[in-house]
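Shared between the two complexes below is chain A, which pairs with chain B and chain C, respectively.
The block that comes next holds the complex of A and B.
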């Protein structure tokens, strides 16, 4: 009887949170799934069911393919840059915790994560500026040709990767720092007695033991990488003229289809594809990192 | 006992009534100013128009002392997004400024109010608006909006730079545009352009790139989409004229290098003397007056004709709010206000019979927009559902083409780009059941 009461209490206690979660998270997902099977222009009362026609059209839509490719390159690019860099930076900060400047290092690296995205992107827009940007000034100083960072098809994607990585790094370093602090000191002492150098300890002890942290950070980084939008939008936006090459990403394509082309059902089918991609990649990451962890 | 219990029963009831009365009076007292002070909102997609709407509101003070007009003017693309969400959720402003090509979707779904009788009569009076502008504010023969202003293009050129290059007259055909651009481009010691001869729209997102391309292609006698006799539409520009238009872009960017994709462009560049000439609407005159009053420039009509993008005021809402909104739209169309609009902002009023002479004398650059040859032709964006998608997808293909130097000297490759673009547009028209046979 007491057990049943406890169970009931637990259910009642969690129910409001579950209800909010269902309303704010689950309902929109199911509604998006439903919309993806309909043709709807957001204005009309009619929403005819069209089955998988939206998904069929996606297969031949070159702008969607371009958006998918760009988004994937950006997401994996950010992941490849962020994970190793964050791990090394966290290690350096962790082993310098007694330094008077350790607080400064942590703040300096974490700051980009809390800075508002639009002003940060505007600052990077200036850095990447082909004519007035400091990046090209530095390149010219070293005798390298200035580059059209925001206009060249390849360089504009790289610019978005750099901006996203800069923002993602702070959070990743913070999580890795927590991970480093929880590692057992005795193992490092034993390794030191066995003659292991610092880099060897990092490679053979820290990296394997930080696998759960790496799993978490990589999932979060990859998911946010696939949701990239504002960075690409701001880098290519301007009131007039020559703002920059629009790097087409999935979220941008969805917004354009929803509110400019009035094709909400079609945009919903893009959202479903994005959801599936993120789900599959997350499952792959879980299986890869967990299995290796067990081995 | 009975009495007592009765009075005891009444006490809460009386107290409740008193409390209710007190509350009602309190609410009434609080609500009184809200009832007498009416507020309407104006949503605009052109931030530079905010002072105009405020000027109109100021002029209404005498007749509507309690009316507050809140002007919310934001960038056009964001304005279009808020409309899509606001009108469908019933949260939109009462007065909405929108171009006809986009408004058609909302009219099809009955999201704008039909005009009251007196407004309808005003719009249908030929003394106020010609047929084109009347139709731009109507749907199925019924008037829904009040025509306000239009976007119309002309050439802006820097007269100091023209003089330095030995040019005395503006270009009169498209071949001359390229010749002039070459003569006007200023370069550094390495030959890299520092001031573009002719600023072209080469980058960015959205439909602007395709619109500007259409304007240039129109000078060669071709359209991005055209209506056929059966009222349907088709794209048919993969021909000599289309090739000439695209080739001109590619020649200027890659062969002659009179302009590069990363150079400052548009009105801002013109005002800073970073480009010698460019094609734009009349609002630039007001912008130059505000930001670069010392700039020496002139305007000229385009070789064949111009785009006309009519913008009207549409009304949503009900009752007194809607009535006040219609009154505001009518006030905006008063000659005094329309002349203020042209003089201070630079957008061209749609209303007929206005006397521009005083403004033209003070701002001769406006002449290219109002005094054009009799043979001057106009085109406008089609009022069809997929127009935004057509332009956006065409813009994506054009951006790709502009960035490809290999196309510049390869007519067959240019034709390939045009055929692909044309097929894509026709595919969109077919999907919507709008493709001509």
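The block that comes next holds the complex of A and C.
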């Protein structure tokens, strides 16, 4: 009797959350998968099933290729900048934990991660600005030609990478700091007694022992890199001022197909590609972790 | 003789250590300031006259500060309305996420039934699907409810948070012993009473961290508000600013002023809630 009552309470209490979850998470995810196999332009009433035709079209879609390439370059670019920098910074901050300034270091490096994306991007729009920006002024000072940072196809991708790294760094440093705090102190003391220098114990002890954290931060950074949108939207307007067109990213291409070209099914197939990328990255993370556990 | 030598060498070592420490402090200090510099310039540019915007080197403290940019922006755009929308959206989303996460996290942690395991597996499985993947079908759900261009439409995407459920579940498992709940039951306490009077107070720290995380998540949301709010009055601050800057790309003074108006409150909030925030974000990295 009592057991039954408890079971009833548990089910009733979790029901509202479960309902929201099913309605606003699972159903739209399922819809994305379903729509990707259908042809649906918002206007028409019927949505014929067309199998994998959307995906076949993606293979020859020049704009999609451009978006996929840009997005991958941005995601991996941010990764390559963020991970080593964050690791070194976290090591230094951890080393100086007792310093009165350590709180300031943490806050300063973390702040770009929490401030609103768009206003922060505005600061960088000014920095990269070809006429007014301090970046070109500094370059001229060193005798380097000023560049059209936000209009050159290559440089604008680099600009987006710089902005995204500036924002991603704080998160990575924070997670690494948690990692450093969990490492056994005794190991470092032993290494010190054996005459290891600070950089040596960083290289031979910290880096290998922090591997699971590196793996986790890398996957999080890559996944959020593949979802990049706001940064490219603000920084990379094309010559006509159309936002985000200069550096086309996956999310932008997807939204344009859906809301500008009214090809919802086609946009859904792009979303499925994005999902597959994220799934593969997550699977790689888990399998590497498991391999480590076995070894 | 050897005693003198060893104090000499330990003195040297201490000197070296101090030099290394100061060197590291210097590196960290310079790096921290560089990270802050874009934000500092943004705020200062907001107070500059158009002439001073062109000055080289750029001044950090404006020579003749003006509030013309702010006045112009407040006149040209419903900026305060956008800020209000963002705050309302973030607060309601935070409340919804706290409510759903605390109940679901508690139930999933303390009630062991096979049906609940299935639910937990589903929560975990959907946690890795990025919002961008399913936002287009979600948009059509909002459309059929007729809540586009409203706070409710914005909220639709931000009522639950898989990570929140996960975080609270972990916390309940680690910080609330079964014996405590059993003792209360033997004393005749009802399940609801136990949840509100025993469980929730013990979760205060975790809920604080989750709350701050949820608030900033909604506050900085971009893609979803972008497609849901197409009416100027319904924009959040992120969307409003992003579209405002495409309108006239030239006037960086006004853009900076608008951005500064948004940044100053969110930075202050962050500095006040830093502890909670750091705790929340740090726990995202913790694995079982």
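Operating definition for what follows: the second predicted complex is superposed on the first by the 251 of 295 C-alpha atoms of A that agree within 3 Å, B and C clash if a C-alpha of one lies under 4 Å from a C-alpha of the other, contacts with A are read in each partner's own complex, and residues count from 1 in each chain.
Note that contacts are C-beta pairs under 8 Å (C-beta built on N, C-alpha and C of every residue); 3 or more make two chains touch, one makes a residue touch a chain.
Note that the structure is a prediction, hence the values are computed from the model and not measured.
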Practice task
Tell me which partner A:43 touches in the superposition: chain B (first), chain C (second), both or neither.
Solution key: first
Practice task
With the two complexes superposed on chain A, say which partner A:82 touches: chain B (first), chain C (second), both, or neither.
Solution key: neither
Exercise for the section: Go through the superposed model and pick first if A:165 touches only chain B, second if only chain C, both, or neither. Expected result: neither
Practice task
In the overlay, answer first, second, both or neither for which of chain B and chain C A:130 touches.
Solution key: first
Practice task
For A:259, decide between first (touching chain B), second (touching chain C), both and neither.
Solution key: both
Practice task
Using the touch definition from the top, say if A:248 reaches chain B (first), chain C (second), both or neither.
Solution key: first
Handout entry: chain A residues touched - chain C or chain B, whichever exceeds
Key = C
Practice task
Based on the superposed arrangement, let me know which partner A:236 touches: chain B (first), chain C (second), both, or neither?
Solution key: first
Practice task
Considering only the touch criterion stated at the top, classify A:151 as touching first (chain B), second (chain C), both, or neither.
Solution key: first
Handout entry: On chain A, the residue positions that both chain B and chain C contact, one per complex
Key = 233, 237, 241-243, 255, 258-259
Handout entry: List of chain C residues in touch with chain A within their complex
Key = 20-21, 24-25, 27-29, 31-33, 35-36, 38-39, 41-42, 45, 53-54, 56-58, 100, 103-104, 107-108, 111, 113, 115-116, 119, 122-123, 126, 128-138, 140-141, 156-157, 159-160, 162, 165, 191-192, 195, 216, 219-220, 222-223, 226-227, 237-238, 241-243, 245-246, 249, 252, 255-256, 258-260, 262-263, 266-267, 270-271, 274, 277-278, 281-282, 284-287
Exercise for the section: Would you pull the chain B residues touching chain A in the complex into a rising list? Expected result: 75, 77, 80-81, 84-85, 87-88, 105-106, 108-109, 111, 199, 201-206, 260-269, 385-386, 388-389, 392-393, 396, 399, 403
Practice task
Would you pull the chain A residues touching chain B in the complex into a rising list?
Solution key: 41-45, 63, 66, 130-131, 148, 150-153, 233, 236-246, 248, 252, 255-256, 258-263
Handout entry: Touching residues (chain side chain A, partner chain C) in the complex
Key = 6-7, 9-11, 13-14, 16-18, 20-21, 23-29, 31-32, 35, 89, 92-93, 95-96, 99, 101, 104-112, 114-120, 122-127, 129, 132, 134, 137, 166, 169-171, 174-175, 177-179, 198, 212-213, 216-217, 223, 226-227, 229-230, 233-234, 237, 241-243, 251, 254-255, 258-259, 264, 267-268, 271-272, 274-275, 278-279, 282
